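First chain A sits with chain B, and in the next complex the same chain sits with chain C.
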Partner chain A sequence: MAGLQSLNPPKLSRRGLLAATTVAAMGAATAVAQEAPPEKVDISALPRVKQAMVAPPFLPEHEQVATGGPKIIEVTFAIEEKKVAIDKEGTEIWALTYNGSVPGPLIVVHEGDYVELTLKNLPTNLMEHNIDFHASTGALGGGALTKVLPGEQAVLRWKAVKSGVFVYHCAPGDIMIPYHVVHGMNGAVMVLPRDGLKDGKGKPLKYDLAYYIGEQDFYIPRDEQGAFKKYETAGEDLSDSLDVMRTLTPTHVVFNGAAGALTGDSALKAKVGDSVLFIHAQANRDSRPHLIGGHGDYVWEAGSFADVPATGLETWFIRGGSAGAMLYKFRQPGIYAYVNHNLIEAVMLGATAHVVVDGEWNDDLMMQVAKPEPIT
Partner chain B sequence: MLKSLKLAGGVLIAVALTATAAYAEAVVQVTLIDKAGTAGLSKSMNLGMGMKGDMKNAKMAVNANPRVAPRGTVKFNVTNLASELVHEVILAEVNDENQKLAYDEAKNIVDEEIIQTLGQVAEIAPSKTASFTLDLKPGKYILYCNYGGHFMAGMWTVVEVE
Partner chain C sequence: MIRSGAAFLVMALALGWTGRGHDDSFGAQMVPIKLTEVGGRTLLVSRYEVTVASWQQCYEDGECHHMPASPAGSGNVPVTGVSYIDVGRYLDWANRRSNRMLRLPTIAEWNAISQTPANKKRVLRFTDPRLAWAANYGQEKSPSGPPRRSGSFSTTSSGISDLDGNVWEWTSSCFKPGFENANENRCPAYVAAGEHEAVVSVFVRDPASGGCATGLPPTHIGFRLVSDP
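Right, the complex of A and B next:
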């Protein structure tokens, strides 16, 4: 905004309040302008740290509060086109993936750090790919600098100047952009403030556990009999998929690549008293997470850690093309369902995860006063 | 669908063709693969059909599924998965995968005056799909792109009609 304001000289006839706003905006613009002459950062002098990527819903090893100054965080993504099952009925998609998972792995850094990504497009792949980091600045989020054909690799370094959780995704151009994104080619980055998360009143917020949930809408073509079609190679479904995508009606809305990927044996786990950070990314389509039986104690709904988190929410909103974060301290044991509270999508299309929480039941918070019995 | 057609006798096929034309048509999905981008292909890569080149090195390819279709009407749905380059697909009858095609070295293309084209889609833009339908008798057919150098870069495959 500051940038836009500075392009339009303030009108002198405006009233005091507006003028004051404009002056403030101009002030911000000036401040930005003063930052602009880049401080000569000696990149070669910065410490380098390799961050080993782990598959969702887990996070790579990281500090909540940064020790020391900015670092270069080195990560590697291998792009892999692979056939995966997306529900218990065996419906398949030739997923386009970063490191073989849907969503791609979460990268965790601190504000002021640099992400240095080596992006490898495996020679066995059939298509060109790239990556657009919403957390980065310039060149279409890096998309313009990372186009790699099968058998090629590129290295991109970007500075994490905004704290929060942000989506990344493939954006090779034209209709391939939505096609790649709804074939699983997206993920998220978490940029923590150097001094960690805060409640908006200066109180530090720590998490005991963190889980990363990537919500994915799939658009699987059907044959004349209505059965989901299968394909022999990646990309063969392009034309059919585009027809389904045009309806804007997904056939599947799932967490972490498949219906049931985070339930049963793969359910998330916690203990009563644990503060758990949930990172929820949706690269394409709106969602509305809800923890059945709990709340969002602190919610960075739009994803920016520079904003004061909302508190005590029942349901929060994740805009398509963004990630959000929620912190909740579990107070009761049992199985919680973490859902997209469009319940059709949660129950019929797949957007349900379970959190199994161990601990002591608290009668004060809830108790069954009388079991179900015939009406007296 | 392919299976039932294969099992049916000739008379039955004829009936099926008239009764439900849409069902009688075999469909082959064809994808055009391009791992070379705009890299120069002026020098032949010697990965054309019958040249016994190591196709693992191919920077361009044609994929077809299924590779075997029943005789009769065959529809080829062609998708260009390349990000930059326009391609084409030409279908011609061949003896088998070992046949060496007449080649115009100067133009770096297959000689289409000798290798007769039976069907084709010309100029498919990146990410676009086009199709062509042919009545094919049993035999082997090559699907290839004849833009300069593409055939020799590996951009061909063979399908069989039973």
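Right, the complex of A and C next:
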């Protein structure tokens, strides 16, 4: 913690002043506790680092433990309205995307860093968009300062004052808020503590690999025959979609934008002995991740890395509108299924990913004592 | 030529076959194939999977109890969304109507018909026998999209079409080899053949889009008729 405080002086000084004010208030009942005035930070003196975005389920290059002081992390999102297939039957949606993917890319920074986002609304688009970062402070998460029309761009800088994993999403106002979110316009930010992840006892926790799983609920309208409808342009489905959304019953619940997007050739990969961080974001709806054949060794269920992680969980809960993180060390090779353990959603609606793990089988952990044979 | 055979069948069924005697429209589209891989026997094999139009006849005759939803005008498209149990009813109907011994192929017969035995192409993902349950993972290439008109995929040199399409085909082979013959208990799941072998419960009409069992599900399930001469 000492390291974190020394690298985050504004937080420390604010706390110090609050304590002093409380002591003073005991003697003078009329005194009101006040926050310290914001510290003047010379932004122009901070180092700037461009972070190249990568498509999920992967993470951009980053350090687990920060070297040096706070930085400005420069990020660019190009908003693209595009038609995508969301299942193997070829059901389509005009997805509203940050950088062309559902979910949008993961941004990784450290506590005390600044995120400086250039948000571009491509001229080929038909709608207004913006972005609300749950990790940020003020102006509706930046949503009020980033409304961009097709062909426009805006730049927003915000300070990462809370560590953890956080959702971001489009929130252009009124009914368009849920409409954009359930058309894929959401993603996550990971704000690591400057000195990295810790267990509850101060022991550092490292990951060999990290995967970012965005869970998306879709509400696709059907025609009179019950077949999923297709539309010529983005937004054409609006009134039909609202009718399906109002039922609160998704037609699809998928990882990485489509049923099967993280299975088969696109399955996640690991080796026995790897510690793998799974970041799970759900911008709209509750979920309950479970790793079939494994566990959650360390789980930051509500997403805050300032919290002590839960340990040894079977299933954990992701509140709609939040992200969580789980760290697991694979101990056995084979295929694992990472699912939303509402199994109707996992199997029938699409919320299943697979992890292919190489390595040596451990008979001590499990062995088939007798193969299936007729009952004797 | 191949398409005209199917067109004849569809037309015959669409007109409502009402003649006396036996309906030979089933035999009209069957090709004799010598299966050297399976003992050198000759098997009559349908060029195409059973179509929506044919299933519709069975349904209208009251013998098939389930009519899967299908888009209008899809008569010449393979019927899908039918379980192993549903298919049994169709076979009873078709055999009574044709006075043939129509049946499903075994997986060994299917592999011989397809001329590209899926298992021979496989590179096992895991070789440790303790990981046999996961060994075939990642071999699956499920062609996506809705079922297409019969004959939309490739045709073997023997004239059999759509074996490599996105409709898997029920076989008469239990997922546990030999269980269906050697055991008094009923087999709960059969092998569906296609781009990969899938094990599907006898009750399932639409394989799910994901799941905790390893391996990927078929895109759609239908079936093809064979007959011993």
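Points worth noting:
As a convention for this text, the second predicted complex is superposed on the first by the 340 of 376 C-alpha atoms of A that agree within 3 Å, B and C clash if a C-alpha of one lies under 4 Å from a C-alpha of the other, contacts with A are read in each partner's own complex, and residues count from 1 in each chain.
Throughout what follows, a residue touches a chain if its C-beta (ideal position, glycine included) is under 8 Å from a C-beta of that chain, and two chains touch if they have at least 3 such contacts.
Being a predicted model, the structure only gives us computed values, none of them experimental.
Superposition of the two complexes onto chain A shows chain B and chain C fitting side by side, with no clash. In the superposed model, more residues of chain A are touched by C than by the other of chain B and chain C.
Contact with chain B, but none with chain C, is seen for A:Lys147 once the two complexes are overlaid on the shared chain.
In the superposed model, A:Pro172 lies in contact with chain B only, and not with chain C. After overlaying the two complexes on the shared chain, residue contacts for A:Met367 are found with chain C alone; chain B is out of touch. Residue contacts after overlaying the shared chain place A:His183 against neither chain B nor chain C.
Look at A:Glu236: by the touch rule set out above, it reaches chain B but stays clear of chain C. The superposed three-chain arrangement places the nearest Cα atoms of chain B and chain C 10 Å from each other.
Comparing the two complexes, no residue of chain A contacts chain B in one case and chain C in the other.
Here chain A touches chain C in the complex through residues 85, 87-90, 225-227, 259-260, 263-265, 267, 292, 333-335, 337, 339, 343, 346-352, 354, 356, 360-361, 363, 367-368, 372, 374, going by the rule given at the top. Of all residues in chain A, those touching chain B in their complex are 123, 126-128, 147, 149-151, 172-176, 179, 224, 231-233, 235-236, 238-239. In the complex of the two chains, the chain C residues touching chain A come out as 69, 71-72, 125-126, 128, 130-131, 133-134, 137-138, 140-142, 144-146, 176, 183, 208-212, 214, 216, 219.
Touching chain A in their complex are the following residues of chain B: 23, 29, 31, 33-37, 61, 63, 65-66, 77, 79, 81-84, 126-127, 129.
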